[in-house]
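Shared between the two complexes below is subunit A, which pairs with subunit B and subunit C, respectively.
Our next item is the complex of A and B:
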């Protein structure tokens, strides 16, 4: 047969050659990941000659120091607590809003909506994910941010804010930017991801489980509460974590509405910064090994955070796949 | 959480007086999830309407054909720059990603597949700013602010997307087709290329187009690499290039209303391109799935 002949290219069969070429593609991805790790660890290294990683994580002072008579930089201290706080606060606010609404919307799409409505709705929600984050940022800075300030933020500040200092705001002169508004914008941006992942896992619950329960006289909602949500639980958690990872890394939209203020803000309705927004707004000014090292350390902490989340999600989803949803 | 058996027993023994309450809760929840779904699409509608409203006065035909320093405002160089940067990005990450996806699907041992998929997951989670900082630290000192550095940063982001989508669509190709080809004596590489990849080609191309669209909207990595410029740059990747996201970000902070208006107009152009690509690609996928 003509196809059986082994064509040899450079002493190697065509099959082996093809295998090596495609394998190189995968190898390049491995090399890029290794490169990222080596670069961020390497470039952040000089920072640890003047301070410890503990100081980096626990101090909220970010100072490039002063230059003394001998030309040496003194009193430099790079504490990322303010940025880390902002990242935690914005992404948790985002999840707080996006997780319940996203999961409920996914339940509607899978369980309640007739196909005629479900298909276009799903499509529209997916389109949100296609909008570039800089457009979200522009919209938030020009419109959404002010609306939030005058509605939800005002309401929380004038009710809970009276006795909870971290939710307080001067109603006469609210801040121009706030951590809360950045978090709410992130909620909108990660919502499609929560809906899409939740939808997949809710759909994967075996139909026989639903039928059995409905056959016993359960209402639709009882099926959802007692069968679907418990069965899909791990997948739903995975989806929310994935969205959390996205929120942690989001940069430009947050930079445009959070105000980029140093330190830990006294209230969620005050301007702040996130790790990503700090990198975006400060990296241009960073010069010298140590200042660049501080930037690399910020990048490294983002990279580690998102990597841990990706790995946790992977383990969760694999557990879901192994048990076939029946936990 | 109660076990199904306990729940069923509970249902059977429930008094009929509770029946109406259960139905009422059912209707209440139906309304609540419906409202949640409405809330989920509300921002998209608000955003699109607002951007159109703000952008409309500035979207005159000359806006597409002028450059920033011309007498009339324009963003031609940013549109041209964005298309070049995203285009070269998929030209680089596309073949590498497709190759890796083919390897994972057709050749790799289960162990390598597990490692490869984990690395893809991790790379998919890498924030765009991290890729930007990487290019800024490694490439900008050597190449300067340049299109090349931007393409490198964007490729880091699109490579795992390409690899994942290629592997996923190849997984959908029935094993029987491959076996039929191999049984006829077709070599493994020809089977992979002309049977598996050929069958999955529409899906693979969808992945390429979506990666292009993703690269088009990235902002943070470009600010640290391509930097933006007022000049029109055709294919000179060794120097600064402009891009639509850069224009939107920089003009949004500007003091003049004219520049802010141009930011909105550019945002509308970028959004329309991104949405059109997604509508076309996803609409096609949905059709072919139902057909």
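Our next item is the complex of A and C:
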């Protein structure tokens, strides 16, 4: 008789069973993603009965309208331009500060820090990455925001504000919150990610290339400038974009310091809002399917933006694997 | 004391001056090329050289005179410190954390480890070709060859183009790449890449070319080409080559130095002599055993 050990389990081989179990896990992910997209498109649909997506993207007026005698809501207009501007401005400010500082820090960790120091420093960077964003928000709302206003923001405003209106600030009564401060806070928050990703890509530049250039009579700085940064550049760009994606989606800390003001601010040192902070601060009051639809449209635009960035990162990193991996 | 003579550019600059001159001057490159043809023949003298990784001594008390404009092969079993030793000659060893060198290595009478020698400049006089071909992936073929010239500075664009062509011809690569000088160096085959690295090394006219197992990643045909090239280059450069391949040592070298490992795993020089003699009639039993394939 056939031994027990030869018999199939439940009519199928163990491999088939396992393939189905793991496949189910993946399938659930796809269902979630599809469900999310379908739901958001559905939620946002009522909005498009009163206005066009173009108006949504180009108007900076966000008005829930008024109720006329017949009980109808009139003059409602949901324009997301202010929020889109705030998201773009804060994330670009964040990248502007975090990218150079983070890449420099990564270069130091890989190229200069002795191994005994590099390991604890790397650990500290990871610790910063693990700090919940609400903690950063509290720091900024409590103290950091004022310090930034009195130092770097003040310096920029007094140096460039006269020629560049979008960098001007009234010295007598600076705003309590500002887009710039939210962006700078984001820079601090995404810095560990920039450092961690840059470090990996800088480390992945083969030692044979470094030694090749040192052997040609290059100084350490020349090796970094001519070999390491060019070889790792696609990965570095990918890391910065990844951090940009995080900055775009970051919500709670930004909501705590940006001031949540409507419209496009006249200066970066004025309060504003981002798409994420607008959703967070408005969702409580949103009632009626049109107002909910406007929220969903904000959510969709955020989702689209981060998806595009992830796709770009994927393409870049694949290109790195093709060109940078070959030596 | 020697630097004050530098005021006139056509002064007969001694080797000491040239190496000690840390600040790169436009004329330095030209002076170096001019002087290479005169008294600076590329005579290397290793005196009591030891190399350590932290506390571990990988090379012990090597004393060796390398004949100028000839090929000296360093052979011996794995782990006997050949590669470490060759890396002390261009001061590459010390770039690793914890790595130190003692003893002295002099090139044409100048101690390369003297405190007034800039290791960065020493590496322009002592070039190196590595085990694995390592063209810079973000540079074109032509940029790879000119990378050393651009580091030194002071060479005009038109001069660079000429030197790139000369160096590629010298490395027997010109005909294969002349139509694609702007393509990445990594687009070439392994053997071509290694000849590109040789072209890159000789473009700055060093006096010594170190080769650390330059053919170990190549197929036999590519290996043969590199070996021909090594013979050819020996008319102009002092070449020190580390090889695991004894046939290669016997084919390309004029002198052979045989290394072994003592009980503390430190590499030491067993004996050295003309290659023909080393392979037919070695003095030491250890050498004979290795050459006949009894160990290693």
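One rule holds in what follows: the second predicted complex is superposed on the first by the 313 of 327 C-alpha atoms of A that agree within 3 Å, B and C clash if a C-alpha of one lies under 4 Å from a C-alpha of the other, contacts with A are read in each partner's own complex, and residues count from 1 in each chain.
To be clear about the criterion, a residue touches a chain if its C-beta (ideal position, glycine included) is under 8 Å from a C-beta of that chain, and two chains touch if they have at least 3 such contacts.
All values reported here derive from a predicted model rather than from experimental measurement.
Superimposing the complexes on subunit A yields a three-chain arrangement in which subunit B and subunit C clash. In the superposition on chain A, A:230 makes contact with both subunit B and subunit C.
Once the two complexes are laid over each other on the shared chain, residue contacts for A:146 go to neither subunit B nor subunit C.
In the superposition on chain A, contact of A:115 is made with subunit C only, not with subunit B. In the superposition on chain A, contact of A:61 is made with neither subunit B nor subunit C. Legend: residue contacts after superposition of the two complexes on their common chain; A:218 is shown touching both subunit B and subunit C. Here subunit B and subunit C are compared by how many residues of subunit A each touches, and B touches more. In the superposed pair of complexes, A:208 makes contact with subunit C only, with no contact to subunit B. In the superposed pair of complexes, A:73 makes contact with neither subunit B nor subunit C. Note on the superposed arrangement: subunit B collides with the subunit C stretch 22-30, while the other options among 22-30, 76-84 or 274-282 stay free of clashes. In the superposition on chain A, subunit A positions 212-213, 216-219, 222, 226-227, 230 are in contact with subunit B in one complex as well as with subunit C in the other. Remark: subunit B residues 1-2, 4, 7-8, 11-12, 22-23, 25-26, 29-30, 32-34, 36-37, 39-41, 43-44, 46-47, 50-51, 54, 95-104, 106-108, 112, 116-130, 133-134, 136-138, 156, 159-160, 163, 184-190, 192-193, 213, 216-220, 223-224, 245, 248-249, 252, 263-264, 267, 270-271, 274-275, 277-279, 282, 286 touch subunit A in the complex.
Remark: subunit C residues 90, 92, 95, 97, 120-121, 123-124, 127-128, 130, 132, 134-138, 147-148, 151-152, 186, 197, 200-201, 204 touch subunit A in the complex. On the subunit A side of its complex with subunit B, the touching residues are 1-4, 6-7, 14-15, 17-19, 21-26, 28-30, 32-33, 35-36, 39-40, 43, 100-102, 104-105, 107-109, 111-113, 119, 121, 123-128, 130-139, 141-144, 188, 191-192, 195, 212-213, 216-222, 224, 226-227, 230, 242, 245, 248-252, 255-256, 276, 279-280, 283-284, 292, 295-296, 299, 302-303, 306-307, 309-311, 313-314.
The part of subunit A that touches subunit C in the complex is made up of residues 114-115, 206, 208-209, 211-219, 222, 226-227, 230-231, 233, 323-324, 326-327.
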